[in-house]
Amino acid sequence: MTIEIKTSTLEPVRNTFANIERRFGDKPASRYQEATYDLQAETNFHYRPLWQPEFELNDKNRTKIVMEDWYALKDPRQFYYGAYVQQRAKMQEAAESSYGFFEKRNLADYLSDDVKNLLITYLIPLRHIENTANLNNMYGCAFGYGTAITQALLYNAMDRLGIAQYLSRIGLMLDGNTGQSLIESKQHWMENPAWQGMRALCEEMTTVEDWFEVVLAQNLVMDTLIFNLFYEQLDGKLAAMGGRDIAMLTEFMQAWNKDVSKWFDSVLKTVVSESDENKALLHAWTEKWQAKTLEALRPVTHELLEPAALDQAVAELEKRIKKAGITA
Amino acid sequence: MSVRAITPDYKVQARDRVENFHGNQIVYVAWDHHLMFCAPFAYALPPSMTFAELRDQVMPEAFGLHEEFTKINWETATWLLDNQPFTPDLNQSLKAQGVGHKSVLRFQTPELTGFQGKAV
Amino acid sequence: MSKVYIALQDNDESRYIIEAIEEDNPDATVIHHPAMIRIENENSLIVKRETVEEKMGRDWNVQELHLNLITLGGNVDEDDDQLSLSWNV
Amino acid sequence: MSAKKLNLKDKYRLLTRDLDWEYSYADRKKAFPYEEFEGIKITDWSKWEDPFRLTMDAYWKYQAEKEKKLYAIFDAFAQNNGHLNVTDARYVNAIKIFLTGVSPLEYQAYQGYAHVGRQFGGAGARVACQMQSIDELRHVQTQIHAMSHYNKYFDGFQDWTHMHDRVWYLSVPKSFFDDARSAGPFEFLIAISFSFEYVLTNLLFVPFMSGAAHNGDMATCTFGFSAQSDEARHMTLGLEIIKFLLEQHEDNVPIVQKWIDKWFWRGTRLLSIVAMMMDYMLPNKVMSWKEAWEVYFEEAGGALFKDLARYGIRMPKFVETTEKEKEHISHQAWWIFYNYGHAAGFHTWIPSDEELDWLSEKYPDTFDKYYRPRWELARKMEAEGKRFYSQALPQLCTTCQIPMGFTEMDDPTQIAYRSSDYEGEKYHFCSDGCKHIFDEEPEKYVQSWLPVHQIYQGNCGGASVEEVLRDYYKLNLGADNLDIKGSPDEQRWKEWKGVA
């Protein structure tokens, strides 16, 4: 039996899910929209958490930031899982070919001991900072409100783990896969006086209670300073020391930083424009964490870079703060 | 046993306290061995309602769908209140005869064996 | 005796993997379900990289197994050369 | 430089666990505050065996490959009107339950694993949980995208997330996951990674996805199997966490056993919905619930518990009851929905002659004796023009929240009643298992958001059931609910297929 289907009867009954229609009208929706908006449970929670009975399972009061609609914090990159992993897979492929090239040509052998020492002392320890960034973004993901921001925080957290692993691989390439350079670099992190301020700050950050505060401290303040100092500025210094090839290995981090800054700047802008109270909070937090981070970074940048390096990084941070509209 | 929480005084008020029902109380009613009705019914009733009102005005709407309902001889039907044998007093209020908040009332009609005699 | 098992999506790649598993585990039983192939064996089952590579005629990473894997039962031990499933009985 | 090369295990350790360090400046307990209150003793996190060793670069690579394949099929499915290829319009109701009842659980799993993926002090366990968190997000999102096309052509999908927070039968899965997420981090892992993922989800995914394949549903089958490929990693995490806790300290054994008892029972109750999907909702049947239970729990679970016996772990409490229940629960569950089909967001129906005979064959000891008569009554009434719907709200079990429709397993004509008194209030349960769970932690379950009671408390809008369904649940009455017969779904299906 052949069945003739009239096209007229195959008209859709509706274009998208009702929650998406309520937000954007009755028209076809994007995959990002359908996979993001209103996914998180809003009401009628059954039991108070045994670990935090003062809150509901999903609770807007875990930060002092107030948003009428937390889904306003949409991701300009429109990352849902599929879009995210496919984008990262592309970056990974490029990184893999650089790492492969570096390894195959034994480029590590051409690095001077000075360069190697510098990397082990100042670059590889960043993997511990990335570990903290992973924790802080996970914290925001777990305690944040609404899929728009929490999914982006999760992607960010996983990225940080990825970056920590790339940094570790740089170490493994330096030591011929013995792990010795990672042991040494961890010793620096644990004992070298230059790093202790940063280590103390990382430890402190993981005890902050307000999720938006810690996400801001990490993704705006610390990241802007770290990425400027340890990738952009250090890159120049390495080139001058005959370590230009290292740039192949940190390109992922640089490209990544650009990608997430775009997202986080847009989040901040939206939060600021929501209310003066939000703006004041962001301002206070930014000041507080900027002071702490600069203090912590001073010894290590002092040893590693030119005296003006820190000012240059601060200028970069101030640019972002201004762009987001975070003022007193 | 008791719950193990981060604080020793993990205590949340019971959600279904009688005062939350705006003057009503919950009473569950079931007809044993008549599984046409998949589960006992839950009613929100004023505690002052008489047993006769429950039986003759509230119950027929749902239970009346069963063809045996009109054949019930209420003189011989037996009752359990919260699992104990119980003889209802038609003219007394639910509350006065111990039908409390979240009480279960079940009745049995052994001569009526359900659809096809299969307890349906 | 307890059975361990592994189930793969029924597709071309899986067929080579199954062939390899059958070769390395001669006592294993292969069961076909709609869209799924299940292999079970008493106590242990092993997937060897080398054998899969032989069947596929290309390099194969043990972690590629995850692309076609549906489910498994048993204690897992995975390294560069193989994935094994076992019960400690 | 030494030439010693690292093996995969050591390399993975360096790339994950070694990122962490002992705190000297801040109080580590303040950074990881939830590790102790459950009474679990961890003496050495470094004993954690990573259940699988995917670094992020490999994760991105393999997952992107999976996603690429999956979305290619979704696109093809939508372009070719794949919904026309399913066996029957009835089938689609099974996936309505999936989107409204299961997908939000994937979301809760994403949240739950994010929480423990931040809170565990051991980096190995933390990273494993983080990966599961992002996988679970993948699952909810691919499910939405798979169902997106169905939503355009069938009723009942459109307000799935709103429904999940409110609709009576969806409080069964919701309370299950709320219970797990509100528990401490170790209980969460035993509940979800071990009891649910390892012991029970095969029963949810494998037969059901095989069923989707068998019923022409390419979209569901594809996301299902693709999701299941992550599940294999998650199951391995489930087995690892239990071995880890049992090996860390002998005091953990009774705590873990208590959680296994609780979550096994809570899981079996949740799966009664899957049981009815398999036995009643798939037009082309794959295997009966009873068979699935025997293969995926009795056989596979039996092997597992034998393996765990060396730690002093025994089979879950009430497992004997499930041996009897496998003969009954699918029938009792579908009957509940048939009774309350006017209040459900999907369609219900009476099994066809062929299906009744299949059920008799699969359940020779129970179907004709106890359940066929129910369907014959339903048929008789339908033939008389009286398709019946229950006219009063049902009593619910305080723990599992399913209407009290389960019987004594030794007397299947008698509804099972259990109750407890706690602080002057009565609480009712469908089974010894549910009563036991309440009695262990009454402070938790007195909070249950029981839909029937909430309606009576006036917390669900309107005074009438119709208003609750229409305004609070946002069901499109007359379209989403009632029998498949005469539904717009059925009508459209007939038009597409060119049958009158």
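A, B, C and D label the chains in the order they appear, each numbered from 1.
Operating definition for what follows: a residue touches a chain if its C-beta (ideal position, glycine included) is under 8 Å from a C-beta of that chain, and two chains touch if they have at least 3 such contacts.
Heads up on the chains, UniProt names are A, B = Phenol hydroxylase; C = Monooxygenase; D = Phenol 2-monooxygenase.
Small disclaimer: the values here were computed from a predicted structure and weren't measured.
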In terms of mean CA position, the chain most removed from chain A (Phenol hydroxylase) is B
Quick one: which pair of chains has the most contacts?
A-D
Distance-wise, how many Å sit between the C-alpha centres of chain B (Phenol hydroxylase) and chain C (Monooxygenase), to the nearest whole number?
56
I'd like to verify one number: the distance from the centre of chain A (Phenol hydroxylase) to the centre of chain C (Monooxygenase), where each centre is the average of its C-alpha atoms, in whole angstrom.
37
Note: chain D (Phenol 2-monooxygenase) sits from chain B (Phenol hydroxylase) at a C-alpha centroid distance in Å of 31
Between chain C (Monooxygenase) and chain D (Phenol 2-monooxygenase), what is the gap in Å from one C-alpha centre to the other?
27
Out of chain D (Phenol 2-monooxygenase), which residues touch more than one other chain, so two or more?
33-34, 37, 65, 184, 444, 447-449
Chain C (Monooxygenase) residues counted as touching two or more neighbouring chains
none
Which chain A (Phenol hydroxylase) residues touch at least two other chains?
47-48, 50-51
Pairwise chain contacts under the document criterion
A-B, A-D, B-D, C-D
Chain A (Phenol hydroxylase)-facing residues of chain D (Phenol 2-monooxygenase), complex:
1-6, 10-11, 14-16, 18-28, 30-31, 33-34, 37, 55-57, 59-61, 63-65, 67-68, 70-71, 81, 84, 104, 107-108, 110-111, 114-115, 117-119, 123, 127, 130-131, 133-134, 137-138, 140-142, 144-145, 148, 151-155, 157-162, 164-166, 171, 174-175, 178-179, 181-185, 444-445, 447-449, 454, 474, 488, 492, 495-498
What residues of chain D (Phenol 2-monooxygenase) sit close enough to touch chain C (Monooxygenase) in their complex?
7-9, 51-54, 58, 62, 65-66, 202, 205-206, 209-211, 213-214, 221, 225, 228-233, 235-236, 239, 286, 299-300, 302-304, 306-307, 310
Please name which positions on chain A (Phenol hydroxylase) make contact with chain D (Phenol 2-monooxygenase) in the complex.
3-5, 9-10, 12-19, 31, 34-35, 38-51, 57-58, 80-82, 85-86, 88-89, 91-93, 95-96, 127-128, 130-131, 134-135, 138-139, 141-143, 147, 150-151, 154-155, 157-159, 161-162, 164-166, 168-169, 172, 175-180, 182, 186, 189-190, 196, 199-200, 203-204, 206-207
Residues of chain D (Phenol 2-monooxygenase) that touch chain B (Phenol hydroxylase) when the two form their complex:
33-34, 37-39, 184, 332, 335-336, 338-340, 369-370, 373-374, 376-377, 388, 390-396, 403-405, 407, 413-415, 417, 419, 423, 425-428, 439-444, 446-450, 452-453, 456-458
In the complex with chain B (Phenol hydroxylase), residue positions of chain A (Phenol hydroxylase) that touch it:
47-48, 50-53
